[in-house]
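In what comes next, chain A is part of two complexes: it sits with chain B in the first one and with chain C in the second one.
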Partner chain A sequence: MSRYILRRLVLAAATVFAVVTVVFSLLHLLPGDPVLLILGQSTYPDPEAIRAVRTALGLDRPLLVQYGDFLRRLASLDAGRSLYDHLPVGPDLALRFPRTLELIGAATLLAVAAGIPAGIYAANHRNRLQDWIISAVAALGISSPVYVIGTLLMLVFVLWAHWFPSYGYVPFTARPLEHLRSLTLPAVTLAFGIGAVVVRITRSSFLDALGQDSTRTARAKGLQERLVLFRHVLRCALVPVITVVGLQVGNLLGGTVLVEYIYSYPGLSTFLVQAISRRDYPAVQAVLLLISVAFVCLNLLVDLLYAAVDPRVRYQ
Partner chain B sequence: MGRWGNVRLLASGAICSAVILVALFAPWLAPSDPLVMNTGMRLLPAAPTHPLGTDEFGRDILSRLLWGSRASLLVAVGSVTVAMAIGTTLGLSASFFGGGMEQVAMRAVDVVVSFPPIFLAMGIVALVGSSVATLVVVIGILYNPQFARLTFALGKRIMSEPFVEAARAIGASNGRIMVQHLLPNIVPSLVIQASLSAAAAILLESGLSFLGLGVQAPTPSWGLMISEARGYMSQNPGYVAWPSAVIAGTILAINTFGDALRDTLDPQLRGR
Partner chain C sequence: MSRLRLMSSAVVVVLIACSIGATTAPRPTAAASPPTPSASGGTLVFGLSLEPPSLDPQVDSGTAALTVKLQLYRGLVAFYNGGKIVPELAESWKQESPTSWVFNLRRGTKFSNGDPVTTDDVVYSFQRILDPKTGARFRTQLSAIDKVEAVGPSTVRFTLKQPVATFLELLALPEQAIVDQKFTQTHDLKTDVMGAGPFKMVEWQKGVSLTVERVPGFYKEGLPKLDRIKFVFLPDDTARVTALRAGDVDLIEFVPWKDMQSLSADPNFWYQGTMGLFMYLQINVAHKPFDDPRVRQALGYAINRQAILDAAFSGRGGLIYGMATPSASWAYIPADAKYFRYDPDKARALLRQAGVPDGLKVNVLSTSTYMMHEQTAVVVQAELKKVGLDVELNLPDWPTRLEQGLKGNYDLAVAGNPGDFNDPDFYYDFYHTGPIRSTASPNFSDGQIDRLLEEARQAPDLSKRKQLYAQFETRALELSPLIFLTWREQGYAGKKSVRGFQNLPAFLVIRSGITLEETTVK
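And now, the complex of A and B:
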């Protein structure tokens, strides 16, 4: 196991390095003058503005020097300064990143809490009406874009039912209950897609496990049906569910972009959209870096978790 | 499966073909011009002249929906073609040559996968601006790993088959082995992957358009329509409901088609 962990750690470190390099070179790989890219095609090149951006970002120096500088800055956890208000970007990221993570965590929790029972229920009523309904809802959940679900939930629960405020984030420390209320709709929206996947996987792996020899043996030796299901079938069926949830958590990160935008949730993604509309390249770059590194770490965590659950993985 | 599987394949295939036909013949099918504004007829409910009502500029929603299929399909077809071309080339050469080629190609693919697609797409669009061409190239690059990994895994397996050895023994060239022996055995899997990737590409394109970073107004696109309709949900709920239903239905049809195709072509994977 420790050898596997070491190998995965080295690989993840290499990937982080590659990701950092790609984010750095994005500006230089794209066709056109970096400064003009940052300023945007619509603006007429104003020599003063060009000079300002060039010196602010150090684009007038040799590429390798810029790269070294970039790495040094990252090593000291300096996220750079905004072109818009010239303030450091770091504090904004530190404030918003936990909110995005909280949203992802809440959505995952909801998806698992609703998806696993629904999947088991469908498996137990295989090919009956209940199964068909659950499977159809799951198929619809997988196919509906997250912004469609969000917009429709907003129409029903905010505009028609008035159950939730249309936007407005309440910090947990200020009013915990209001905080959970403001988190509900975004988390439910984000949970739909992954919940649908959880339902499908739970259903099929539960059916698989029901047909296993161990299940037949447990029944044959006269174990109570309840114990058969919980001790044998469920344990066996949950392994693929864990893997798939892990794989989907990465997709949730992408989903937060649209969810945060719809509900004006002050997380990392709204910050990115705002930075893009202000053509604030250093801020865009910082968010991209943070998200990609988080993504790599998340995948590493899932791999390690998977290896812990299923020893066969370690020897591949 | 059997009969039901065929029904599923045919029904989803029919819906996908219908969407393609609509995109091709939008100018003849649409009852009115999707761009013509009429401020006297804003946010009307459904009526014979405007079967699905009108939007905030008095434009016909049905016509905009029909025309909007073009943007989505153009980006989907374009980006999947780019993704398939890059991915298949990388995967084929990696599995065929192995060694350094394999390392370079597959590690490059690993790096692309380390980015959540929508974030990288937003970063690039932020710099170069948004156009259909940009979306096709960016989404094509972002989705090439699926094809590269698939081709690589299958190619590796096929390379150890006796008929490849036989071809080599009778003196077939590298190119001939790749095109005549590897590719045909990979095509069925590529087709399935292409349909699933097309659905994902439409999701990504419409998501970016929804954020205002994809297809630009006033060109009709489904994501953009939903985004615009959000401001008028209480006045005209149909305005937001129709594009939502159309896009979810299209993606459901493409996904179902891909799944049904896989079940038909590869019975071993059934139920996965």
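And now, the complex of A and C:
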């Protein structure tokens, strides 16, 4: 097992290295010059100023030298400094990454907490009215983009009902309740999409598991129906659900930008999009590195969860 | 199973850690803040369209940042209500000769750390602007300054290389802010602030908000009226309007065009719009057949400006069928503003005269980052198709658009700009021979236009300047290196309880933030 994990870790490190190298070269190949953006957009670009700023930022050095510099910094876990304010990027990430993780975490919890029971319920009432309603809602959830759901929730719960603030982020330690209030709508918006997938997968894999021989055997030996469902069927059915949830969460890393925009939530995705639109190379590199590391970790976690849920995986 | 439990508790720990990590400590500022003065003015929450990328007052970092900087910094003079120039750190000034200006500093003005504003600071501030390393917004225009020197305990003299008719206007732009020499030499003004404005920065929560607090003893009696302004960053147009409607913010900038009508009709809000920028076409005159003025003029007749206004700006703004001189300007000539008209037949005739083949491929550069730029380009495409030009749109993201624009990689480019100020000298940037830039048409150069613009910049009296600009406009329309399209409305909206905020006229509208010092909120 430890050998397996070690191999996975080496592979993961190689993946991350490949990602950062690709990101570095793609970024610098991308047209668009950060110096022009730094000097302002409505202006007459002063060639002398362009030269001066380019030199100050070290962007006049050969690309390979910049790449070496980038790797050296990486080795010492230094995220570098923004081309804009010259402040280290690290603190920005430390601030924003947890916010996005919290948002994704909350959305996933909501989605799982609502999606799994709903999926089971639908499976148990297959082809009855309850099943149709749940499946219809899930289909709607999958096919509605977050900006539609987000805008609707905003209209109803912010503009009409005034239950939630229209923007903003309140640190947990400052006002815990306000913090949760500001987190609710973004989390619910994201949860719709994930929850809908969870419902569908749970329903189908639960139905699958219900039809298996092991279930028939469990019933035949006279086990209570509750035990059959929860100890045998559910556990079997959970493996695909975990896979799907893992994939969904992975997609959300760096993919929460629409929700963050709609609710003006200061997370990592907004930061990434802003950094790209400014060609702030160090910031983009740092965020993508972080996201790819997180993605790799997530995959590792999913693998371990399989083992926890399904003993067969453990013994393989 | 125990492993599962272990893992779920690990998840809980991570979540808690996240919440703690998510808190932001207030940014330490250079000066410890004294206790808040008795709350009478209250706090205004301002919905900003962008987090300031930098707070360096002398460098351009966009309109949103400018509004914040106007609270923190002041120059010698400033544009104020109605566009008039008022004394700020200077209490009086005199033009001693065409090339020499003397400014007397107001006594007792201080930076927010209590340091007095000295003549040394003024001299240093202009040296900093003229240093290319600063990347100051108006370095080129101010490079006419030969010497800045202190000539008395509170007097500064500017000696110019040649007369500049708009020298006072240039100094009134907020980018000519006076900075604290001692502080600036040891701090980075991109993030650290030390100005002599009515407010000082007390907190900057990255990605969330920036709060400024009034400086007691600001040199204008009774100002500012507010105790605090909290700028919150709401980059999404809809989110910004929603925040205003929900009552969570008091005032917003960059009101989206689609919401202007409904906000001005709403009894709970006020809306102020100003035609503060113009949309136009830059033409690369080195690319055939656009070297021929007839072809450029044909563009002036071919495009229905109303269609652009409707498609890109929800009908808000104004049509420009000639020059873009603001109608309130002394240089405004009604006939020049209506030089063209929408007349596709005339356009086709001009193209035929110039021997342009039907179906000629034309490359138009715009950007998909801003809907209005894209929509304008799409209308231009449709309109030019009607006169037989086959437009290929090039719509990269903004940074690429900027770079390609500065390389002149286009036949036509859709652009939107304000003039620096309402004086027609702003045309200098748009028509004078020079490097390829984001204002003028690439490779356009006309000796007569250059001479007229230079003379008008240096001419001492208004009637002479008026005459020169009239000649310039005639020539500019004849050659038409730029085709102006529409005025773009720039709007602010606020709750009815917010009073005193006032749009500055025409191009100065993006500098309206200065009137926040007179703004009150009930």
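Descriptive notes on the structure:
In the analysis below, the second predicted complex is superposed on the first by the 262 of 316 C-alpha atoms of A that agree within 3 Å, B and C clash if a C-alpha of one lies under 4 Å from a C-alpha of the other, contacts with A are read in each partner's own complex, and residues count from 1 in each chain.
To be clear about the criterion, a residue touches a chain if its C-beta (ideal position, glycine included) is under 8 Å from a C-beta of that chain, and two chains touch if they have at least 3 such contacts.
Since the model is a prediction, treat every value here as computed from it, not as a measurement.
Once the two complexes are laid over each other on the shared chain, residue contacts for A:151 go to chain B and to chain C alike. Applying the stated contact rule after C-alpha superposition, one finds that A:18 touches chain B and leaves chain C untouched. Of the two partner chains, chain B is the only one touched by A:140; chain C is not. Touch criterion met: A:37 reaches chain B and chain C at once. Contacts of A:232 after superposition: neither chain B nor chain C is touched. When the two structures are aligned on the shared chain, A:281 is found in touch with chain B, with no touch to chain C. In the superposition on chain A, A:101 makes contact with chain C only, not with chain B.
Number of chain A residues touched is higher for C, counting chain B against chain C.
When both complexes are overlaid on chain A, the residue A:292 reaches chain B alone and has no touch with chain C. By the touch criterion defined above, A:159 lies against chain B and chain C together after alignment on the C-alpha atoms of chain A. In the superposition on the C-alpha atoms of chain A, the part of chain A touched by chain B in one complex and by chain C in the other spans residues 30-32, 37-38, 40-41, 151, 154, 159, 261-262, 279. Interface residues of chain C, counted against chain A in their complex, comprise 1, 3-4, 7, 11, 14-15, 17-24, 51, 53-54, 59-62, 132-137, 139-140, 188, 190-191, 206-208, 232-236, 238-239, 242-243, 245-246, 248-249, 369, 396-400, 402-404, 406, 417-418, 429, 434-435, 437-439. Residues of chain A touching chain B in their complex: 15, 18-19, 22-23, 26-27, 30-32, 37-38, 40-41, 139-140, 142-148, 151-152, 154-155, 159, 204, 207, 250-251, 253-254, 257-258, 261-262, 272-273, 275-276, 279, 281, 284-285, 287-288, 291-292, 295-296, 299. Here chain A touches chain C in the complex through residues 30-34, 36-49, 51-53, 56, 84-87, 91-92, 94-96, 98-99, 101-102, 105, 151, 154, 158-159, 162, 165-169, 171-174, 179, 261-264, 266, 270-271, 274, 277-279, 301, 304-305, 307-309, going by the rule given at the top. Within the complex, the chain B residues that touch chain A are 107, 110-111, 114-120, 122-129, 199, 203, 206-207, 210-211, 213, 223, 226-227, 229-230, 233-234, 237, 240-241, 244, 247-249, 251-252, 255-256, 271-272.
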